[in-house]
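Dropping a structure here in structure tokens format, bear with me for questions.
Letters A, B, C, D and E name the chains as they come in the text, with residue numbers starting at 1 for each one.
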Amino acid sequence: MHEKTLFQRLKSPKGITGLAILCFFIFIAVAAPFITSYSPADVSSSPLLEPGSEHPLGTDDVGKDIFSNLVYGSRTSLMVALLVSFGVLIIGTLAGVFSGYTGGNLDRVMMRGVDIFLMIPDLPLILILAAYLSPSLWNIIFILILMGWPVGARITRAQTKTLRVSGHVDFARVSGAGNWYVIKKHIIPDLYPIMITTVVMQSIRAILSESGLAFLGLGDPSYPSWGTMIKYAISYPLVFFTDAWMWWLMPAGLCITLLVLSFVLVGQALEGDK
Amino acid sequence: MMSLLDVQGLTVNFSTKEGIHYVLKNVDFNINKGEIVGLIGESGSGKSTLAMTILDINSRSREMSGNISFSGEKIDNIKKEKMRQLRGKRIGFVPQSSMNALNPLVKIKSQFFESIKAHTNMSREEMLSLTTRSLEMVGITPSRMNSCPYEFSGGQRQRIMIALSMLLSPELIIADEPTTALDATVQLKIIELLKNVVQQKQTSMLVISHDLHTISKICDRIYIMYAGRIVETGTRDEILNNPVHPYTQKLLASRLPLMCEPVRVKGISGTPPSTLKKYEVCEFMERCDRVSEICRTVRPPECTGSMKVACHLGCNLECHPE
Amino acid sequence: MKLSERSISLFISLLLVSTILFVPASASSEDSSEERVFTASWGTSSTADWGFPSPLTFYPRGPGYIMTSYCFDALVWPEESGDFTGLLAESWESSDDGLEWTFHLREGVTWHDGEPFTADDVVFTMDYIKDKAAISPIGSSWYNTAVIKSVEATDDYTVVITLNYQYAPFIQQVAAVIPIMPKHIWENVEDPSKYMEDEAAIGTGPFILEDYDTDQQSYKYTANKDYFLGEPIIDTLIYVKTSDAVISLKTGEIDESGLTLDQVQALDESDNMEVISGPGYWVYRLRFNIPSNTILNDTTVRQAIYYSLNCSDIESRVLHGGGIGGNPGYVPPYSSWYNPDVTQYEYDINKANQMLDDAGYSETNSDGIRLDSEGNPLEFQLLYSSDQQSQRIAELVQTYLKKIGIGITLKPGDTKTVDGLVTAGNFDLAIYSHGTSTDPARMLNSFPTSTGWNNSEFMALAEEQMSTMDENKRKELVDEMQVLIADNVPTIPLMYRNVYSASSKDTVTGFFYTDGGVGGGVPTEYNKLVFIYGTWNGDSDETTTTNTENSVDSIGILESVAILACAFILILHGKR
Amino acid sequence: MDDFWLIKIDNVSKVFKGRGMFRNEPEVKALDNVSLTVKKGEVLGIIGESGSGKTTLGKLILGLLKPTSGNISFADINNNSTENRKPLVQVIFQDPYDSLSHMMTVEQLVAEPCIINNGKNVDRNRIIRALESVGLTPVESFLRKYPHTLSGGQRQRVAIARAMISEPDMIIADEPISMLDASIGVDILNLMLDMKERTGITFLFITHDIAAAAYISDNIAVMKEGKIVEYGSRKQIISDCCHEYTKSLLLSATGAGTENEYFCSEF
Amino acid sequence: MDRKRSGHIISRGLEYAITFFLILAINFFLPRVMPGGPLLSITGSQSSDLPVVIDEETKYKLMEYYHLNDPLHIQFIHYISDALHLDFGYSIFYNVPVVDILVGRLPWTILLMGTALVFSTIFGIIIGLESAWKRGEKLDHALLVIMPFFRSIPAFFLGAIMIFVFGYKTGWFPTSGSMTPYMNYAGFIDHALDIISHLALPMLCLAAFEMPGTYLLVRNICVQQLGKPYVLMAEARGLKERTIKKHVLINSIVPVINQIAAMLGFMVAGTVFIETVFSYPGMGMLVYNSFIERDYPVLQGAFIFMSLVVLACNYVADIACSYIDGRTGQE
């Protein structure tokens, strides 16, 4: 698994589909102000409008433009995905490489700690933490990184341990290389595939968790979120009795699904079909 | 003598994402009853593919042409179920990696029993006695049949594999690199065991190896394979004493002597040919010392029928070119 | 193929085994054909568990009190008009100074366990609550025992209650609220908040508690056939939790439910529902940090903010017509204490801007946010509890205030966090939503604590109206208080919520919203008198029939699912 | 033979401890009181079956493992200058795929020992010369290739080139031919012999194949279960061995003694 | 070997005990490092709804009662001993011992999670194995497209859709609760069917949330196993397809069980969403409601219970694996 084949793998139909969807959402997130003229927080339209030329997807129960919320919601999701996955990547990789490379008792203690983290059901703990802290996007990101890094650390550590005893590392050390050189030149490059997988998996987790927490009412009100949209749509009693579900509930749900799907597809493409 | 297994014009390609692998090219091949035949070739020459094609256990993305007949019956296109009944019962297989060829989590006994159950309707007692007998035959204490494979050493596992292949007294045994993964001192014992078992049961055997020297001891006849082609065939003595094809010659010459004084032996330089490439001329040309003009333009003859060597050189020496 | 067949049967047997293992104690299977069962629901709320319905263990919210009121009677009880009828007391009178109240108790009333009810029980209850429960959450928030000086039984059926001070709403807030508890059961109970034995629910009420299930969040009462006002019109009263009241109403799972206006709109003719609406006595308001925030301490700023908020628009966006816009005088318009002649703050953004300009906040920064004299932007934190309406209101307030150059940062929290922060004075603005008591004594007298606004003139009026026994005189005082409130804008009432209820016309009809609420002001359709004086329209138990059909349906579905699954597996295997 | 020793191993033992937090797992004694001297310029063959501790011995010399007890001493080499230094030891591993990082090109791989020691700048000609010397010609066609595009033999040649580039005093070759076809293995052995003749480098050749050891080594040590059971010159081992185990190894290599022609002339 | 296994079981048990101890420690320290301090989590925040003003004296008494004035380690010992006596304090909201509430809710969650787990695991394994066996064929490709799609749907969204389709549109299944309260059942079967019909939607939803993961896991592991020499040998021995699949399954089951056990924490999250959406009266909804009400003792008690369930399942999985694979603990 070297860089070349990673790109080759992305060229599979799955990888291309996934990347296309992902790029589509990134485009929407970046170009949000040009796509819609409404601000997502703007409540000046009349509530519960049906889709029309003014509002492509109508308005919600207070008169927010659903379409602009949908568009700006992609920013929130992608931002959470980005920050969480890179946070987990950095902390997880550092911890994993450190633990795996050092070995010995320290490694064992660290991995037990990681095991404990992995076994703790994370959502209840997130709820407890959120009950103490106030709902804000940064708290959510912080908690998701806190609960996510052990996953990254564990696989990184396993791979580091294999690499540490592999021939090319031994050779470098015989040639007089120091730990830093070995880690930089021989361990980190070999971890790239794992890192990419970590980013993909954590992005999926982050998007689902963020929307889930928003759905439970833990979202940050300053950021439009698909999860919050679903929450409001479902709590509007008439959503299923009129056609409102079609332009209010479904688009938000499908956006989450599609964005997660894009990451899942990219992840599968990178893993390669065995 | 009637030939037990007869392979004619067998050509096998595999299509993968990288392209088409030309693995076997027009292979003609036969094994007579009670005969031990060796198939020698370097890794990647297609010898394992030949074994698996005979057993029909590599059908995924395989394209093949040619005939395979077993005891006079054509088997290259028969139904899967019938082929399954053939495998294990009439054709035994000793695989290369004895380490992992047994399911590590299932007791030896159950693995023997399920083999029996797949082909016969024996009672428990019969199965037990059959298992006991075959384990005894290869020198494994039958009381250990309740153990799992990982509790045995590599040599013991290979013995168990042999017992398992011989379990239903098949007419033909295909042994694919039966000694490769074993320690030197064990290798010999396994080879001898194979020979004894085959003689005792009067079975035919096809031994596949990259190591001409180890295998040749027990073979009656030898086929030399290079790049998916049989390049030379003959009795053991013919091959060992009077090789014709340059590859066979080099193969023999590259054998390390056990000499007190330092000597130099020449290996075969160059790289093995790629299976992705379709060769218009002799595949060995790039590594051959004795390339003549004809080699660059004309394909050497196929090693079929009476042709015993697939080389222009061989033609010049032995048969009379038309 | 055998493998998968085996696994299917394995799965099914596992499913059955696990079901059998975990099925909680089976319900009794008594004959139900004659029973008149009425199933109600508190609507779509996150919980339907309101605590064990004893006077000192229910969860101290309106529904909790109502659940208790079915088993326990107070001395008096409000009728639809808001007038009081006697329950345990047949008649009552007060001394001229209003400090001494004499109750003549009903004779021949028995507790559910057959013991006779006497004046001793009343005395015991008052003393017990005053003594043991005054500091408990329920005791302090529901039972205003602080006004009671002493309780005496002059004979077996006469009780005299002496007050500490004149208290105009005594009947409404005390006599009609405190449930009378049986002395013979409670006299030995040391810690009432943990006493949840079966006996704890024994009262004199029209219903006897049969089951309370905290896991299923359900209550079951059976009628008290010997009830002194007459036998209830139903045999069994059930409260269940429903995740969607409309669906449950439509399927007949429940016969009645409290709804929102949106939900009411989902019902149609074919549902055959009787829908009633009533005053909610529930206010959504904007609270200011008057004591600590120097800018918001300025009445002009608060008035400007009031001018900038379009309350009826907020109402129409949040409640969609299921409420009315806020009244500057705080008392909701449907209250009999309402004074329409107060300063009105019609939505006028120009006026608001003008007022702020005049108050010295004319400079703005690049974002259009006004600056104060020191050049700091007028940016406030808006605290609100994260329930949906509050959040929506907060968003709207943010939008409106932006238009007059006031920046708002939203800061959500749960109710308790919000309360905590507000109590600590750690906030600028807050959205509050709560029930307003129907009596001005509780509604307005708490203003210093509930708004942080301390006005001596107002407080003097408040003291006076509380001890004024003359209704008209009292009304005048309350009107004056409202004028003061409207002028000073200590808090901005944004809107008042209405309540709606729908009940199946085939079961009980005659629901009403009691004027002034039940139990000191709970706006509910569940005045227990409905179940005495209402009408039963069905003749057999509909609930049970519907449910049986339902489960028959489900069998078919489960079967077809199982068959489909089997077929899928077979196809999978057949392919090879 | 030159009596000048390069490495002296004195009573070295290596014990691998059991692992686990609460588990008591048996210790594994990989090396048991091994003493051995590697002379300058010789090829010392170490034969043993899997698990006999021969690879552990190699790793101890390389410094990848620390001995549990005993001592490994290195000779001081006078390198035509006033300063003495420890001998430089390099290694060739069994699995050429594992020992070549697949993220690097052949050029980077061969240059690596130099980069580690001398920093960024590496003389490109030196790399080309090293590749030429192992027979990877034309060099240009190999420089940019990744190891996975090479055949096993070519990979092992790259491994040899990178071991040789830092001009070590000694190379430990740990089963360098066991994963190759016999005919290609011979080529690699020949290459090593050429190297030795050209540069006088010392080889420690670890193998399970007595024929290969006999082919290339001057002296041979036979290891079994962590102990050296026999040590002697090639001649001694082949013609005059006394340990049962060595005999069985010889027997297996010659094929039950049936084909005497392969035995040495004096036998 | 048996001694080795029992040694392994005991040592793993110790590790789990330590893990549980650490979870208790997290629970102990969390309120103590969070703003508000530990008293907040016992009494809840002061609310205008409940205008009980805790004065300094009461506060001191409360602190005394809950040992909050003691040194931290003494507090911790008290906490642990209370926890071991299943005393997690009193619920702020329900005003009853936390453990009473939890015990009432636990069976429903176990029923929901258990059936969903069994359902998703069995179908995941069957489909995963089938897909791996026919890797590269149409069925495999189709499943590899469908399953990721299901995996991408958020559980709460799927729940909402299911309520819409099976509850609103068709009315086939009840959409809330775990049984019809106070229904007069004709008999046990009727009762069971009522529970099953309430269970059906949330269970299917949870299973649909879990199954794609299991499927992909099983497929990957089986594909790996199918490339192993013993499969080739099994084919060469002429074993029937079913027998070979059994071999593959036996070898896949250990990693599959381990992975599924490790994913249980994830499933708990799904349970919270699904129970909330379907108003299923299990631990998940309890956690959500307690969160809404800031009922800290219940929230923490539920967390401990859920962790305990996850740990217990992991331990059971460990033991099961050590019986299936005798090599466990030998490496």
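Keep this in mind: a residue touches a chain if its C-beta (ideal position, glycine included) is under 8 Å from a C-beta of that chain, and two chains touch if they have at least 3 such contacts.
For clarity, every value in this text was computed on a predicted model and none was experimentally measured.
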For chain B and chain C, chains touching each: E
Leading chain pair when contacts are tallied as C-beta pairs: C-E
Chain of greatest Cα-centre distance to chain A: B
Taking each chain's C-alpha mean as its centre, the one farthest from chain D: C
Centre-of-Cα separation between chain D and chain B, whole angstrom: 32
CA centroid of chain C to CA centroid of chain E, Å: 35
Distance from the mean Cα position of chain D to that of chain A, given in whole angstrom: 49
Whole-Å separation of chain centres (CA-atom averages), chain A against chain B: 52
Where chain C touches two or more other chains at once, by residue number: 244, 414, 417
Two or more partner chains touched - positions in chain B: none
Shared-contact residues (touching 2 or more other chains) in chain E: 15, 36, 136, 168, 277, 288, 292, 294
Complex contact set, residues of chain B against chain D: 42-43, 183-185, 187-188, 192, 210-214, 217, 250-251, 254-261, 264-269, 271-272
Chain D residues within the chain B interface of the complex: 49-50, 135, 151, 153-154, 181-190, 193, 208-212, 214-215, 234-235, 238-239, 248-256, 258, 262-266
Complex interface listing, chain E residues touching chain B: 136, 228-230, 232-240, 243, 247, 250-251, 254, 324-327
Complex contact set, residues of chain A against chain E: 112, 115-116, 118-125, 127-133, 204, 208-209, 211-212, 215-217, 227, 230, 234, 240, 245, 249, 253, 256-258, 260-261, 264-265, 268, 273-274
Of all residues in chain B, those that touch chain E in their complex: 52, 55, 57, 60-61, 84-89, 93, 95-97, 99-106, 114-115, 118-119, 148, 150, 161, 164-165
